[in-house]
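Across the two complexes that follow, chain A remains constant while its partner is chain B and subsequently chain C.
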Partner chain A sequence: MLSQLLASAADGIVLAAIIAVAAMGFTLQFGLTNVLNLSFGSVMTIGGFTAYLANVAGLSAWLGMLLGGVAGGLATIALGRGVLRLYARRRTQLFEMMMVTLGLSLVIDYGLQSISQNAIYGYTVLQASPVRLGPIVLTPIQLFIVLLAIVILVVVEAALKFTKLGKALRATAVEPSLARSCGIQTGRVVLITWTISGFLCGLAGVVYIISTQSVDYSTGELFLPLIIAAAILGGVGSLRGAVVAAVVMGIVTEVVAGFGGAAYSTVAGFAILVVVLLLRPGSVSGGAEDRQLVL
Partner chain B sequence: MTTRKLTMLGALAALSALVAACGSTTTSSSKGPLVVGGVIAITGTSSFEGSNQSEGLLPAIYEINHNGGVMGHQLAYKGVDTRGDPADALPAVQQMLATTSNLVAVAGPGTASAPTIVPVLNSAHIPMMAVAGESAYNRSPYKYFWRLFPPDSANGTAMALWAKQKGYTRVAAVFGSDAGSQGDLPGVLASLQALHVNVVANISLTPDQSSYQSSVNQLIAAHPDVIMTESDAGTAGTFFGELKSLAGLVPIIGTEATYTTPWLTAVQGALGASDFHKYFTAMITAPSKVTQAVTAWNNAVKEDHSQLPVSISSAQNNPFAVTYYDGMIATALAMVAAKSTNPVVFNSYIAKVCNPGSGKTVVYTYAQGVKALNAGKQIQYFGATGLINFDKYHNSYGNQEAVTSSASGNTVSLGQVTVAAIEAVPVKGVA
Partner chain C sequence: MSVWVFYISTLVIYFGVDLLAGIALNLQFGYAGVVNFGFIVFQAAGAYMAAVVVLGPSGGVASFQQYIFGSRLPFPLDLVAAAVAGAVVSLVIGLFSLRRMRRDYQAAVLLIVSLIALQVVSADVPLFNGSNGLTGVTWPLGQIVGVTATGAPVIYAAWTLAIAAIVFAAVYWLSKSPWGRSLRAMRDHEDAASAMGLNITSLRLQVFVIGGAIAGLSGGLLVEYIGAWSPGAWGYAETFVIFTAIFVGGVGNYRGVIVGVLLVPVIFLELPRFLPAVGYPGLIDSLQWVTIGLAWMLCLLFRPRGILPEKRMEVTKPAGVPGPAVVPSEGGA
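What follows is the complex of A and B.
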């Protein structure tokens, strides 16, 4: 019983790390721009496919990971600056903007479906013999993914707290007009945020396909609900909150699966979100209804 | 009554008789195209079902049309996307029925939407060549339901017999939690029980998760010596990839549904070609011996390959595709035999043109069938899947065969399980 619990908890932390990498990017973007970006999953898929193509081209998996992140960053900038900003200038509201991102998501997904001929491509890179620690069995790449999530959390948190850019970003997120009047170039801040969150999104796509060992056009779309759930559960804009929420969801999901309830594992993860929304609705929305788009 | 009125009444009666006669023999007095609906998941996570269908149905339509069509009518394919979900399937099918006046038959539906769609199509008097494997249809009450495909229970029994024959004693059942995959599970479990083979784990996989590590650990703890499985391609790739990484592989026996290009590609990609060929076996409907029907099927695929979503060899080796092909050829021959494109009239002819019988002329292709029927002969269509012999519930299936896929994608036979052996297993609790 204890062995099973430990093994499942370890599996949950791995799952949490995958969710966390994406959720940190999502919450960073959402926290600043107030755009509930439903095309985030599609950009993850772009990152995943980029890494796959890099692998096919003979590049190393590590370089593929970097390229996946870069592709995610470029795609996010293209969407944010090229499309979403045009809608923001026409005074598009939050909900309408969400629908725009949903439309973009469908365009990207079905475009990828057409290009990829609806096939599932194997991506078995960086696989190695597992490491055993009592009942816990993990592969080196899983340990790397956990480490990566921790490093991203520490680096981005530190950047937000101690750098000029981080302070500008936090100021823009809280009150953009005041930040502008204080001389902060909010447009530049938004661009940098798109880039960082897009990079994390693309990187999350690569991490995800390393875990699933395959990529197809719907890869990111299927993972998106977990990312949004973690971002909402952790509190909009809070990196630490997103990570803690990812850990809770990951562990609950895997423990339920480990004790024979695999069919209900995802349901159990989302049940936590439902309970939190029920008990503390205000803490989750964070007054989003009063927010303006910052693009 | 005046002579003029009598003449008018006579003319009216003659016209009515003519219209009635037309109505009883054909749905259309013109030679316009007849529509075959492809009611299946074309998009979504079950879109491989749509691929399976088009790989078989389109070559059949091509062959029929290139041999003069059905009594001068060309056939046209109309895809109706169920997305593998009854909630999407029902409005899509209702729209098809409402807007397609010259609909003569349907290919499908699949397992997930069958409980919703089969009654609707049956009420609309549309013959359907279903690929729903549920045992509920083993004794189907639906007159317009036809199944040229083994029920899941037969496939499961064949898998259990194969495991027993190979000496496996500890079986782990690893099935997706989706309706299509779960449909096969009861047959597998009941058959293993009937054959006194120990089931050490019964693991359900929720599709499209990022990891199945807990399930893999559960499997490892059970120490199986073989895995029986069905799930969607992505799920299988992730699960077996993780299994290989964490503990190494044991032999895997897949249901017929695993023997499709997306599944084979995903799992082979995850395991690597060498391990895949070493460990994987699928239980499928035994391919027919090479007859003229098989040659015609292969040629139709080659000639129509530009319309197909996969390579020629993938389509030719797809057990689902060839089933659709035979279903369409049999339906078209039934129309010719009945001299009608009205489903109410030709539906019963589907069995008549396929089942063996004394004095029947055996035909292997659509062209041969039409020629024999036009010569006034009764025919038996011997299909590319082999002998077709519908029972009174409109089910027909043959022997099962254990196969694997070679590196080049060709089917390699490992041995057969006969219908007699399957029917001899005293399976309880499954219809």
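What follows is the complex of A and C.
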């Protein structure tokens, strides 16, 4: 009983690490631009497919991981600059921007479906024999993923807090027009944020497919709810919040799965979001709709 | 019966079903401003319910599939059950998702609900036979008359259109009533509507449940024709076909909804099914979805209010009252 609980909790931490990597990227982007980017999952899939192709081309899995992140960053910049800017220039409302990103995700997902011939591709790399710590059984790559999430949290938090760019980013997120009149090039800040968050998104796509050992066109789409839930739960723009929310959701999901409710494990993860919505709607409403679009 | 009769009737049936869905979604989104990104779940709820109350007790003739609520209800009750299922599911979902929060969060929560529902139904086999879905659904009304849905598609098409027309008339009347006007007031200015004494949460829930019931009915009609229902039929993207139809036609405009439903689901998604196959099987399907996504994005870019936008509601100044005539501004943000 207890050992089962511990084993499930350990799996939960691994899942949480994957959610956390993606949710940190998501919340960074969301906190700055205020666009609820529903094409985030599709960019994850792009990162996953890039790593798969790199693997087919004979590159090492670590390089594939890096390339996946780079592909995510490039795709995010292309979408942000090429597509979302178009709408921002037409004074599209925040809410309609979300709809635009949804259309984008349809185009990317089903574009990938037509290119990938709607097949599921196996991706088994970096699989090694598991390490046993009492009841907890983890593979080295799972430990690596957890470590990666922690490193990203520390590095990005530190960068936000101590570097000039981090200060500029926080200033832009709070009040873009004031930041602009203080001489901050908000356009550049947004571009750099797109890059970082896209990189994290692509990276999350790769670690996710390493963990599930397969990739197909809907990989990111099915993972997106967890990311959004973690970002909303953790408070928009808060990296630490996103990580804490990811840990809670990851552990709940895996514990429910471990105790026989596999079909309902994800539901349990989301039940937390629902409970928070019911008990404390104010904490999620995030100060109304008067936030402005920053692009 | 020629192939063409079957083909045209099938398209008419899809038109009727999608029109019902379009009316329901337009009431929720166009009139009340509720962004129901989980719309397809309510259609699916109706379809599953209609299927299990037609299939008979679980373990009988159709013992190769397992499901709950298995029974054999006579004619009007199957569609009533479908509508009730849609209404009950939307009541449950609406109770937690329609609270006051940012509109984009609300939309995201409903989208999440849609994805989760799909996962649960696919994974929990005893519920509705998992990802294989239910098959062998018949048409109870047809059995009374002595025909089957696919055997007499013209009759089924007429039946679908009749129901769609009745619901259309009812919803049209509702939306022109004071209740419909309060929906638009809520959409255009929630705080002002609330200050006028409208109960926003309750109004939202009402429109959500009514829309859910219509969606359930449309699902029931659809499943009794095609005879099968599985998670493949209600992916999250299906919601956006209906949304695109409303966007293309015109948000909050009934003629627009009819035009949109003709253009998008019928012409885009159904006609190509009868075209010769190109490439590997499934390529045309994927490309259709890409087209839907592009149409959706282009609409938002060039005609955010649709081809036939909602008419401005003119309110003339009552005689003897000083000041300018009040002309409420058009559309929500």
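The rule is short, and it goes like this: the second predicted complex is superposed on the first by the 294 of 295 C-alpha atoms of A that agree within 3 Å, B and C clash if a C-alpha of one lies under 4 Å from a C-alpha of the other, contacts with A are read in each partner's own complex, and residues count from 1 in each chain.
Note that a contact is a pair of C-beta atoms (placed from the backbone, for glycine too) under 8 Å apart; a residue touches a chain by one contact, two chains touch by 3 or more.
Predicted, not measured: the structure shown is a model, and the values here were computed from it.
> In the superposition on chain A, see if there is space for chain B and chain C together, and answer fit or clash.
Clash.
> Would you sort A:L222 into first (chain B), second (chain C), both or neither based on which partner it touches?
both
> For A:Q117, decide between first (touching chain B), second (touching chain C), both and neither.
A:Q117: touches chain B and chain C.
> See if chain A has more residues touched by chain B or by chain C, and give me that chain.
C
> Check the residue A:I232 against both partner chains and state whether it touches chain B (first), chain C (second), both, or neither.
A:I232 contacts chain C only, not chain B.
> Identify the partner contact of A:T266: answer first if only chain B is touched, second if only chain C is, both if each is, neither if none is.
A:T266 sits against chain B and chain C alike.
> Quick check for you: in the superposed arrangement, does A:G134 touch first (chain B), second (chain C), both or neither?
neither
> Pick the chain C stretch that clashes with chain B in the superposition, from 25-33, 61-69 or 295-303.
Once both complexes are placed on chain A, chain C clashes with chain B in 61-69.
> Determine where on chain A the residues touched by chain B overlap those touched by chain C, and list them.
117-118, 222, 262-263, 266
> Within their complex, state which residues of chain A touch chain C.
The contact residues of chain A facing chain C are 36, 38, 83, 86-87, 90, 92-96, 98-100, 102-107, 109-111, 113-114, 117-118, 221-222, 224-225, 228-229, 232, 262-264, 266-267, 270, 273-274, 277-278, 281, 284-286, 288-289.
> Which of the residues in chain C end up touching chain A in this complex?
35, 37, 96-97, 99-105, 107-109, 111-112, 115-116, 119-120, 123-124, 236-237, 240, 280, 282-283, 286-290, 292-294, 296-297, 300-301, 304, 333
> Okay, in this complex, where on chain B does chain A touch?
45, 47, 51, 177, 203-206, 208-215, 217-218, 220-221, 233-234, 237-238, 241-242, 244-247, 262, 265-266, 268-270, 272, 309
> Taking the touch rule as given, give the residues of chain A at its contact with chain B in the complex, in rising order.
4, 7-8, 11, 14-15, 18-19, 117-124, 127-128, 130, 137, 139, 208, 211-214, 216, 218, 222-223, 226, 254-255, 257-258, 260, 262-263, 265-266
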